Every structure is written in structure tokens, then in C-alpha cells.
Amino acid sequence: MTGSDLIGMMILAAGLFAIGVFGVLARRGIMFQLIALEVALSGPALGFVAAGAYHADPQGQGMFILVLTLAAAEVAVGLALFLRIRRTAGSDDSDIISGMKG
Amino acid sequence: MTAAQFAALSPLVVLAIAAVAAMMLVPLARIEAAQAAAGAGLALAAGLVLLRVGAPAAPLGALFTDDGLARFGIAYACLASLGALIFLRTGVPAKEAPALLVLVALGAATLAGAGHAATLFLGIEIVSLSLIALFAFRLSRQGLEAAYKFLVMSGLASSALLLGVALIYAETGALDFVGWTGHGALAALGTALLLAGLAFKFSLAPFHMWTPDAFEASPASAAALAGVVSKAAVAIVLLRLFLTAHLPEPVWSSGLAALGAASVLVGNLLALRQPQLPRMLGYSTIAHSGYIALILASGAPRAAEAVLFYLGVYAPAMLGALCVSAALGRAPTLYDLHGLIKRRPLEAIALSLSLLSLAGLPAAGGFIGKLYLLHVLVDRGLWLLLAIVVAGASLGFFYYARFFTAPFLGQSHDEAEPLPRVDQGLLALCVILIVLFGVAPVVLIDVVRLALP
Amino acid sequence: MALIALILLPAVGGLIAFFIAGQGERERWVAIATFALMLVLLVAIVAGAPEGRWYAQVSYPWVPSFGISLDFAMDGLSASLIAISAGLGIISVMASWSEIRTQSGLFHASLCWTVAATIGVFLSFDLLIFAFFWEAMLVPAFTLIAVWGHGDREGAALKFLIFNAVAGFGLLAAAFALASMADHMTFNAFELAEMKLSTSVQVWMLLGFSLAFLVKLSVPPFHAWLPEAHTLAPTAGSILLAGVLLKTGAYGLFRFAPMLFPQGLAAVSPYGIALGAAGALYGGLVACGQNDAKRLVAYTSIAHMSIVLMGIAAGVHYALAGAAVEMIAHSFSASALFLLIGALYERTHTRDLRQLGGLQQIAPRFAAAFALFCSALLALPGTANFVGEALVVVGIFQVNWVFALLALSTLIVSVIYATRLLKGLVFGQPRPNAPLADLNWREYWPVLVMSLATLVIGLYPQSLLALLEPAIKAALVLPLP
Amino acid sequence: MASLLPFVPVPALIGFLVLSLMPVALSRTVVIALGVGAAVLPAILFAPVAVSCLEGGCVAGAAVPILSIDVGVFVAQIAMSLDPLSMVTGGTVALVAALVLIYSGAYMASEPLPDLRRYFALMNLFLAGMLAVVFAADVILLFLGWETIGLCSFMLIAFYTKLPKAVSAGRKALITTRVADAFLLAGLMMLFLSAGTTRLDGMLAAVPAMDPWRLAPIAGLIALGALGKSAQFPFHTWLPSAMAGPTPVSALLHSATMVAAGVILLARLAPLFAAAPEISAMVAMLGILTAAAGALIALIQTDVKKLLAFSTMSQIGFMVLALGLGAPAVALAHFAIHAAFKSLLFLSAGVMSHASGGSTAIEALRGARYRQPWAFWSFAIGAASLAGLPVITAGWYSKEAVLAAVWSSGPCGVPLWLLAATAAMLTGAYAFRVVFVAGSQSADLAAPPWGGAAVMVPLGVLTFVAVVGGLSVGALIGFTGGAPEHIPLLPTLLGAAAPILGVVLARQLVRHPRELERVAHRLRHVRAFRIEILYYYYFVRRFRTIATVLGNADGTEAAAQAAALRRESIDAPGLAADDPLGRAFGGEAAQPDFIARATDGQTPVVRLVSGDPVGRILIVVARVFVGSFVARFSPDQIDRGWMGFAGSFGHAWEQARRLQTGRVRDHSLWIALGCAALLLYAWGTSWR
């Protein structure tokens, strides 16, 4: 794992993160925003694996697993909220639920 | 596991057990039992920490450091959460609130002691997820909206934070704060993202958008947790990074200074004509995070002492104000406050004193807090920041004045039911603490001196 | 120790008045007793004072890590200002005997607390404690205006609070900058005075400090809060605001500007005089156009305080003596006028000069009192105001005769508004079938005391000047005599 | 007996204190007795002091110290001077005051009790103040007295508080004299600073040492201050309208004593003016200008008190002329004699007008000779003395001395003398015009005989002084240090002829009043005068609106309301009311002739000229300044500025509030922008 490979992997991780952020900004659907969040979280996960490999240090992979589990927990809460919002607000569009302004 | 290591970790263990117990008790017994269990857990954890004050630091490896700062953080989290528990309204269908509250305390405690990226991320996620649930606690339309927004934004912020840590890890090859010394491009970019992630939790501008909605829609105790407990934990993490990690200086200090200045101006400006008390308090927490960020950005030798003192003075004021806001019903406005002194003298005086302290007027703790802030800025000769702080404080003075004078003016309108005894106890405690720190700040200064190396 | 007692006495008095506020006049008598006790204590301190400038000095450490300590000291100037504050306290309680009906406990408590905080300002020599009392003074004064005022009282009170508090933050920041420049961090004014700072730094520090003092002194363009605050405040509020609070600004400038920044003050002195002269002229001219009697007197206070600023900025011995005398003379004349206009308002429920008039026929005592204090307004020789203004003008003649002529022009403008007030209130036809009770005992005796004080100082200023001499000598900046 | 001097004004002061402050109610007779007694006592106390001075006890510059004030840097000593000048002037003031007070005991007896008490209190305070000015040997006592008499004149002019005209006249007097006092204060302060002491003699001693360029402004300022108080040319507008006060007040204050205070001050500071020749020249010019103008305007007055006011102004012009030419002793002598016959004229005019229903118009006095023979003859003798009929009246001796001083005062003495002589001739004319009118036949003779001892005694004494006083003029001049001038026979003869010529002119004017009307009528159509009226009409009308707007600072609707009020010709309150022009422009019901409406029916020339045109223009100029300048200040622009500044924060909050849209995607956008900014910044700094 040479320095330039590391830079390449890091750029890929940053790319994934950027795609995730763009996904949240572009689409109004709550389900789609949650999916975009997952993609965003996978970016740093890849980064940790690459950095761990570069430094030949198992901690990277440890962090990867930690990131995955907590991402799953977050999505679980997200889906629960998605169901509850669909029942009360009657739609899964995130722009509708913007009652509080100013 | 030597006895010292176990004693160091015992508060976290106790909190975890209390959380599980509170969750188990919900289906079995009434909500009050769960509240009692949570309260007992918090009190026990706080007691355990206070016992170990002054004891030598137990070696716990990289993940968790057991120094004075961590103990101060844990004790602060437990006591503040206990305060928030007192005015937690339990008349709502979902009964898991006490459990979630203890989980937030647990997350804050882990953050306080975090010395490694893993515990940092774990702590942040525990706090965030519990807060999401607490915001949606009332299951009202606005509650769900606030929770969902917080979820999406904290997801983004956490991924930014993780990417930053990954970049620093790639540069320095270490994940514990002590090892983070590097001046390369990756480290600089990593620090920037780390700072962004933490700034979101710390509700600094421009990452502050979630705070006003959270304060308006969620129950007052959830707002207290977000405004006081989680903010203090993140502040202690920033302080530890400032003390131990050697991240690239320009990004760190001027980044924090810019964010701090922005949040001071935005927080005070947006709160200028807010009619609602909780939303105004939301914006004022943004401003106060700005003040703390400026203290950290100055990097003066007494910055650490200033941060802890400011947090110490900030807690009773914010808890007092939020407790009164909870007592006055869903979202009290300036109109509801008129003539409060006649109907409920204790609430009126508590609210006024808390707002006086937040505004930084004399005879209240906030005055000495502002003193530290001015001293730190003047010590490093940061005249521009000083000007911004004075401008922010002046703006802030306007909206605080509107709210802390309202109870004395005009006629009172409705007859709300009297406050339960324990809430009145909490308010009295907050009033005493505010006046004590205002008149005899030496008490808090010695406590803070104890916590710092 | 006596000095701390002097501050705590009104504070505790206020608390007692607040808690025993029941039916009847209990809390009024408590307030009067507190102020009387203060006067007795003051006389005891002055009588038992050792030789030399300071009557009493005391120092207790408060926050040693920052070098903040409670050090209080009293000399001639602060003693006379404290005596006036206590005296005006008694007079304001007597003036609001029939005016204040609702929440009279909180009212008398705020009166006592305002006086307590101002005495803290007059005594403290630690810059931070000075700033502490400076801000603490605002809150009770705010409640006085906001709860018992007239018309849009909340707006006026908020404007007063924000103007002064923001300036207070400026003062705090400047005090901090100065304290941290000392080698070991200290706020003690005496130690800071020994520090040798370059002139440019001194000028910046002086601007920071004098922002707060100028706002409280209400020199245009910082005067915007004063007209509403004075007009819409209850009678007692106006008396305290005019008689006591304005003096804290003057006292701060008089005491700390020459002591901490001598070279800075010398460099800024011409601009200070120019600002004062412009302010006096502006205040006077606006007063000429007013129709509300109280607003007119409020603007005259602005003019008189600008003259005090001129005196202090000039820095020569005459001007400083004049400024000190003018401060005290203005307390008497402004408070008496507010008391009389308040009493008139209580009887006729109007302050409009065009509706009032004819006091000469129906209320001779009112007319006599107004005549005396209007002549004090136009600085008639024989009244204390003339001694103050004449000394200031003589001082400024030594420094720069162009400004002196400008200062004299304020004397001319003062005639216009003083006679306008007199014409509106005393001369002319009284309103038909509007019987007007003359001054009762509660209003007659304070007015008599204040008129005697004005005349005594006016005809024999030696009594006051001897008292103020050490403070004036300490405030000398320029080498001129 | 010199130590008695400081106690001379004390009885008057005690009179004031007792009458004004004593809470006990006093009956009418007690008030009158107390008031008159307190005024007569100083004259009695003064007698021994004067006697000791005559035996050589007082020399120029002697002073009796009273008390000293230590102002830290130097000790100010208050003292009274015991020199010939204060003896002469003090004596005159005390004597005239005593007589006028005795007279007013009877004249004001019909006033209500509280007003009577206020009248006597203020008259006593005035006497104390005047004596302080006269005896003062230091600046502090001088200025204290100076301002006290100013305040008393304000209070006494506005004595009839119900009349808005009287109150505004009083106010105008106070403001004008106050402007002059400001100059005087400035001059005295600069003199004090350069001389280093407050004692007058110390200052005069320091004068030669001072360099001229510093001395000129000081002398100029003091001269302006003194001339303002003596109603000389630039400041003369307040004296005619000051006649709104009661007659004894006009007699004592505005003819004999107060208006001459300026002359007394200039006489006391004569060495200072001697050292500033160009200032003295200016003073002399002003003096002769006022003398001539005053005499001319007095000629066509229709009201006897206004006539006497202008005559006082012109006589003081003569004194100022003498002072300007460096003959203070002559001026003082003329002051003493003038005080006597001018108060005699006022008092007798008061008696005559009292008998004819209180109106002071000259026409109303017609036939007074038969109704009030005693008063008429004393008025005639006073007028003769005023005109200066040779040998038989005191006025001639003092005026002769002034003319002699003028004749022999250097190169331009002769033309000045000619001007002064014409002024003397005109004086004779206007004085005797009233005498002839009063002496002519009239229908109603049945006026009740009014008077009694309290009236007759003062008139008698003053008549005696007005006739016999002349003999003492020479001694007076010598006593106060002046040398009597010996001028050739021709100017003295011509000087004597001038008043006789004046009497003949007065005879003509009284016999043929219609000539004056015809001349006036023919002038009316002359283009010059018409423009005058238009300009005047437009000019004043526009500024009346500003005055009403200024009166109520609440802006437009108040002005409209005031205008509406004026349309029903009710006097709108505020400045508009005290318009000395009267309600000429009240816009009453339909007035046919445009010009007639402008001048209230009288012919324009008489109306315009009789009302002292210079004064009117000055009033209008002052009104313009006050109106346009002050009006801009009334709504306090700085206050508006601050409120605007505060409002801007409200708008800023409005804009910032819109950023908080509440939509998740916008909030997340801000997070992305924040991260991007930080990354960009970090990347930038990492290059170093």
C-alpha cells in the first residue's frame, strides 16, 4: 500500500461522502434521504480501512465495523420515524414537514 | 481490572444499568418507578465520581482517560441530567423518556472521558440517537419534524466527522488524541471536517439550524439535554483536543474563531424579536456556544479554566429558564409572561435571574463568565473578536431585557396549576447557584481549578 | 467597614420595605428611616475622619486570581454626592406619597436599591466593582420607570436600559484592557494610575471609559434615552434619575479620567470642550421648542450636563471646581423642578405648557418656587448654578476663548427656555373653575430645603468649595493654575 | 461713619425677605407701611455716610471689605467702594427710590393684596440690587446686583400677569438685557483673568500694563454689556414695550435708575475706556445716534409713557456721548439731574392719566390743567427742565455742561455739537408738545381731585430739585473729579436758544395737527412706502406661521389648528401671542382697503414711523432666526437617528429570519456549505 494508493482511496472515500451529501440535498423523499445518508457514512468507512491498511494497523478495521453498526442503528431509528411521519403527515415528502420557520 | 480501574469506570457502569432498569420497569410498573430508577442511577453515578475527586488517574489505555477533566464532565452530565429529569413531563403515552435521558447522560459521560476516536464517535452517536428519540417523544407533528431534521443533519455531521478522523488517521497513523500530531494537507483537511462535525453537535453557526426547532418542538427537558448536557460534553472534547492533540494550529484556532464569531452574531441577531421563550432560548444557546468557541479559539493559558467556569455558570441559568418554560405550558410567549410575579413569584424571579445571568449582568454568575471571556480575549489582544463579543452582548441584552422584564409588567392572564414541589426545589437551587456564583465566584473557581491539571 | 455599611444599609432597607409592604404607610417610613440613617452614618464617618484627603478607606479581596478587591474610599466629592443621594431619596419618597398606590413595597425597594447601587459607584475605587455597581444601578432604575411611569413607559425604560447597559459593556471591556496591561493583573484604580502608558493608548482607553460616562451624562449625541426616561418616569423616578444617576456619569469622568489617563485627557481636551459646548447649545435649543414641561426640564439637564463635561475636559482648576459645583447645583434645581411639575401633574393631569398657567393668582407658593428654580435654570447670580457655570466659563477662557464665547451663548439660550417655562406655568390666565391646591407640607419642605441649599451655595460658595478642594486638586491635569 | 455703608442696602433686603417669604398674612396697611419704610430707610442711613464723605472722608478708590471667598487658587474679596462717584449715584438712587415708593404707596393702593405685597417685595429687592451695583467695588457684587435688577425688571414689567402683552414685554426685556449681560460677563471675565484680581480698583491699576490688542476686546465687550442695559441703540427695542409695567415701575426703573446702570458702570471704568480710544469713539457715536433717533421718534409718539421712554433713551444717549468723549463727571451730573426731572415727569403723568380714566394717550390728558392743576404744573416744570430752558431750570445747567464737553472734545467736536444741539431742540419740541396738549381746554372738567400728601410730597420735592438742582451741577462735576469747561459765548447762546426754538416748534405742531396728517397722506401714495408695506405685510405673515409651528412642536396639525384659531381671531398661544405689533394682522372681518387692512386703519406713515421702525426690523430678524433655526431642533433629530438605528436591527432580524426556512434540505445545504468553507480554508493554510 503506497502513499499514492492511499491518496487514491481517500479521494474515493471523499467521493462517496460527497455523493451521499448531494443525495440528501437533491431528493425530497424521506426514504431516499435515508439511503443517501447510508452512502455518506460508507465513505469514511472505506477511508478507515484504507488508512488501516496503509499503516498496517488493525484499528482501522475496528473503526470500520464500529461505523457500520452505528450506521445501521441510525437507519433503524430513521425508518421508525419515517413510518410515524407518514402516518401523521400523510406524505413522505421531507419539504412538507417544515412547520417551524424563523 | 484493578480496583482503581473499576472505580474509574463504575459511574459509566451504573448509568448503563440504570438505563436498562428504567427501560425494563416501563411495561412492568408505572412511569414514576422508571423515573425513580433513572434518578437513583444518576445520583449514584454522580456520588461515585465525586468520591474519586483528587484520586490519582487510573491507567485505562487509550480509549478512556480518567483525569480531573473527565470527572468534572461526568459529574456535570449526571447533575444536569438529574435536573432535566425533574421537570420531565410524564403525562405522554410513550414512557421511555427517563431511560433515554439516562442514555444521553451515559453518552455525555463517555464523551467527557473520550481519549480515542472510537469512544468519541460512540459517545456522539449514543447522545444523538437518544436525542432523536427524545425530540420525537411527544409524537406531535412538530416533534417528529424536529426529530427527523436532527436525524438527517446529525447523520451528515457524523459522517463528516468520521471522514475527518479517517484523514487524520491516514496522516498520523494514530487514533488516540495524543497521537494526532501532523501538519500535512490530509491532517489539515481532516481537522477541518472534524471541527465541522463537532461544531454541529456544539450548534455553532452555520451548523446551528437544528437548535431552534429542537427547542421549540421538543419537551423542555429534551431541550435542556441538548442545550446543556450534550453541549458541555462536546465542549470538554474540544478542550481535550485543545489540551492534548496537536492538530494544525491555523485551521483549529481561526476556524473556531470564525465559527464562534458567526454564531455570536447569528444567535443574538435571530433571537432579537422572537416572541416565544423556548425558541429565544434556542438561539441564545447558539450565542453562548459562540462565546465558548471564542474562548477556545483564543488559546490563552487560562482558556481551559474559562471554559469550565462558563459551563458551570451556564448550566443553572439554562436549566432554570427551561424549567420555567416547561411549567408555563407548551410554548410560552412574551404575552404569557406578563404579570407572572403576581401569580407565581418563584418562577418569575427564577426566570429573571436566569436571563440576567445569561445576559451577563452583575449580581449573577454570567457576569463573571463574561469577565473570563473578556479577559481571555484581551489577554491575547484579539480586538476584533472583543468588538464582536461586545456587539453580540449588547444585542443579546435587548432580547434578554424583553423577557426578564416581562414578568414584572402588565397584568397576568390565566390561572395555571401550581408547580409540583420538586420542581420548585430545583428552581430554588438554580436561583441560589446563580446568585452564589455571582456574588462569590471563588467557590466555582476552586472547583474548576481542581478539575484542571 | 463603615463604608460597606453605607452601601448595605439601603440594600437591606429596600429588602425590608419589600417584605413588609402591607396596607398603610409602613414601607414609606422604612425607606425614609433608611435614608435618614444613612445621612447620620455619613456625618459620623466625616466627623470621625482622620486628617488628609480620605475620610475613610477599606479594602477586602474578592477574586484574588483576577486581582479584584472590594476597595472603597470616600473623600469630599463622594461624601457630598452621597449626602445628595440620601437627601433626594427622602424627598422622592415624600414626593410619591399620594402618587404611588400599586405595589408600593416593590417601589420603595427599587428606590433604596437604586440609591444603594449609586453609592457603590461613588465609593468604589476598583474598576471592576465600579463596573459592577454601574450595571447593577440600571435594573432598579428600570423597574422604577417601567412599572410606575406614564404613557409608553416600557419603551422608554427599555431604551434607558439598553443605552446604558451597552455603554456599560464598553466600560467593562475598557476596564479589562487596562487591567490586563498591568504586569500583575489588578483592577485597583490607584495601582493602575501609577502605570505609565503611551499617550495614544491612553486616548483609546479614555474613549472606551468615557463612552459609558458620556451616555450616562447624556451629552448629545448620546442623550437620546434621557428625554423619554425623565418625562415618562414617576416623579420619584425623575428626581432620582436627574439628581443622582446623571451624577454618576459626571463623577466617573471627574474621578477616573484625569487619574488614569492624564496625558490622554490633555490630548483629547479640546474635542471634549467642543463636544460639551455643542451639546449644551443643542440641548438648550431643543428645550426652547418643547411644549411638555417635564421634557423641557429634561433637555435643560442635558444642557447643564454638557457644561459639566466642558468643565472636566478643560482640566484647569477653575473649570474643575465649576464642574463639581455645577453637578451639585443641577441636582438641586432639576430635582426641585421635577418635584414641582410632578405635583402640578398630580393636580391638573397635564404637563402641556399651553394648557397650564396662572399659578400666580391661584397658588402663590407654587409660583414662588417655580420663579426661584427657573432663575436657577437661567443661572442667575446668587444661585448655585451661576457659580458653577461662571467658574467653568472662566476656566475655559484660560484655555480657549472661542469655546468660552460659545459656552456663554448657552447662557443666553438658557434665558429663552427658562422664561418660556416660567411664562407657561406662572404667568397668564388660570384655567376657569379649576381650583388648584397649593403645595402641601410634603412638597413645601423639600422645595424649601433645596432652595435654601441653592441660595447658600450661590451666595457663599466657600462652604462647598472647601469640601471639594482635595478632589479638585487630584483631578488637575493641565499645568495651568 | 464709613463702616455704615455696607448696611445701607440691608433694610431693603430685609423688606423683600419679610414681604415675600414670611408665611404670616399681613394686612394692607402693614404691607404698605413695611414696603415704603424699607425703601425710605436706606436713604436715611445714607445721609450720615454722605455727610462724612463731604467732609473729605472719601477719596477715589477707598473701599469697605465685606467678606472674602477662597476659590482654592486665589481669594476673591467682596467690598463696597466709598468714593465720590458712588456717593453721587447712591444718593440719587436712594432719594428717587424713596420718593417713588412713597408715591406708589398711594398709586398702587387699589391693587389686590397679594399683588400689592409682591409689588413692594420686588421694588425693595430692586432697590437693594441697584444699591449693590452702585456701591460695588468688586466684580462679583457688581454682577450679582446687575442680574438682580435685571430679574426685578422682568418681574415688575410682567407685574400684571393676566395681560399676555405685559408678560411678553417682560420676557423680551429680560432676554435682550440678558444677551447684553453675557457680553458684560465675558468682558469682566477676560479683565479678571488678565488683571488677576476681582477688585475694580485692582483691575483699573492693571490696565496700563495690559497690551492694547487685549484691552480693546475687553473694553468693547464691557461697553456692549453696559449699553444693552441702558437701552442704547442696538439693544433699545425693549424699553418702549417695558412701559407695559405700572407707572411707578417705569418711573423708578425705566427712567431714573436701572437704565442708567450702564452709564454708572462706564463712569466707574472710565480709565479703562480712556486707554481704549477707538472703543470710546464707538460709544460716543452710539450715544449721539441714540440721542438723535430717540428724540425724533419721541416727537411723533401718541402715548405719553412711550414718549417719555424714548426721551429717557435719548437723554441717556447724551450721557453716553459725554462718557464716550471722556467726561464721566459731566455724565454723572446729567444722570443725577435727569433722574430727578424724568421721575417727576412720570409721576405727574401718572397722576394726570389716573384722573382721566387710566389711559396714557396724550389726547386723554387734554384739559388736565384744569382738572389736576398741581400735577399739570409739576409736569410743566419737569418738561421745562427736560427741554433745558436756560437759567431757570436745572436741566439746562447739566445739558449745557454736556454740550460744552462735546464742543471742546477735540477735532470733530463742532459737528457733534451741532447734532447734539438739534437733538436738544427736538427734546424741547416733544416735551412741550405734551404740555400744550395737556394745557388746552377740554369739555369734561368734573374729574375728582386725586392725590393727598403721599402724592404731593414727592412731586413737590422733585419739582424743587428740578428747578434749584442746577446750582449744584458745577459743584457735582468738581466733586466727582471733572473740570468745568469754559467755551466761547456763541455756542452757549446757541445752546440756550435751541430749547426755546423747540418750544415754538411744539406750539406749531399742537396748533395745526392736520398739517402732519396731510403730509402723511401725500406720502402714502409714494411708491417707496407702498413696497415697504407689501414687504412688511408678507414678511411678518410668513413668520407668524413659523412662530405658531414653533409654539407647538407637534408638527403640522397643530399649525393648522393654530391657523384656524387665528381665523376666529382668538389669540393662538405660544410665541405668536407675544407679538408687540399687536394683532394688526389678526385678519379680522372683511377690510375693504388692502393697505388699510395691513395697517389697522391708521395712515401708514404714522403707523410705521410711530412704532420705532428700527426696533420692529430687529424683532422680525430675531423672529426669523428663532423661528427657522430653533424650529429645526424641536423634534430632536439625534433622537430620531437613534430610533432609526434601532429599527434597522428589526429589519436585519426580518431578513435573517427568512434564512431559517425549516426545510431539511436547506438546513443540510448550510451544513454542506460550512464543511466546504472549512475545507477550503484548511487546504489554503496547509500550503504554508
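Here the chain labels run A, B, C and D in written order, and each chain numbers its own residues starting at 1.
The rule is simple: contacts are C-beta pairs under 8 Å (C-beta built on N, C-alpha and C of every residue); 3 or more make two chains touch, one makes a residue touch a chain.
Predicted model, so just to flag it, every value in this text is computed and none were measured.
Of all chains shown, the one whose average CA position lies nearest the global CA mean is C. More C-beta pairs touch across one of A-B and B-C than the other; that pair is A-B. For chain C, the chain with the farthest CA centroid is A.
With centres taken as mean Cα positions, chain B sits 26 Å from chain A. The mean-CA centres of chain B and chain C are about 43 angstrom from one another, to the nearest whole unit.
If you average the Cα atoms of chain B and of chain D, the two centres end up 77 Å apart. Centre-to-centre separation between chain C and chain D, using Cα means, comes to 37 Å. Among all residues of chain B, those that touch two or more other chains are 148, 152, 156, 160, 212-213, 398. In chain D, the residues touching two or more other chains are 657, 660, 662, 664, 668, 672. In chain A, the positions touching at least two other chains are 21, 24, 33, 94, 97-100.
Applying the touch definition to every pair of chains gives A-B, A-D, B-C, B-D, C-D. For chain A in complex with chain D, the residues that touch the partner chain are 21, 24-25, 28, 33, 94-95, 97-102.
Those residues of chain C that touch chain B in the shared complex are 62-66, 106, 128, 131-133, 135-136, 139, 142-143, 146-147, 154, 157-158, 161-162, 165-166, 169-170, 172-173, 176-177, 180, 185.
Residues 356, 361-363, 367-368, 370-371, 374-375, 378-379, 386, 390, 393-394, 397-398, 401-402, 405, 408-409, 441-442, 445 of chain B are the ones touching chain C in the complex. Within the complex formed with chain B, the chain D residues making contact are 649-650, 652-653, 656-657, 660, 662, 664, 666-668, 670-675, 678-679, 681-683, 685-686, 688.
The part of chain C that touches chain D in the complex is made up of residues 220-221, 223-224, 227, 282, 285-286, 288-291, 317-318, 321, 354, 358, 360-361, 364, 368, 371, 375, 378, 380-382, 386, 390-391, 393-394, 397-398, 401, 404-405, 408-409, 411-412, 415-416, 419, 423, 426-429, 460-462, 465-466, 469, 472-473, 481.
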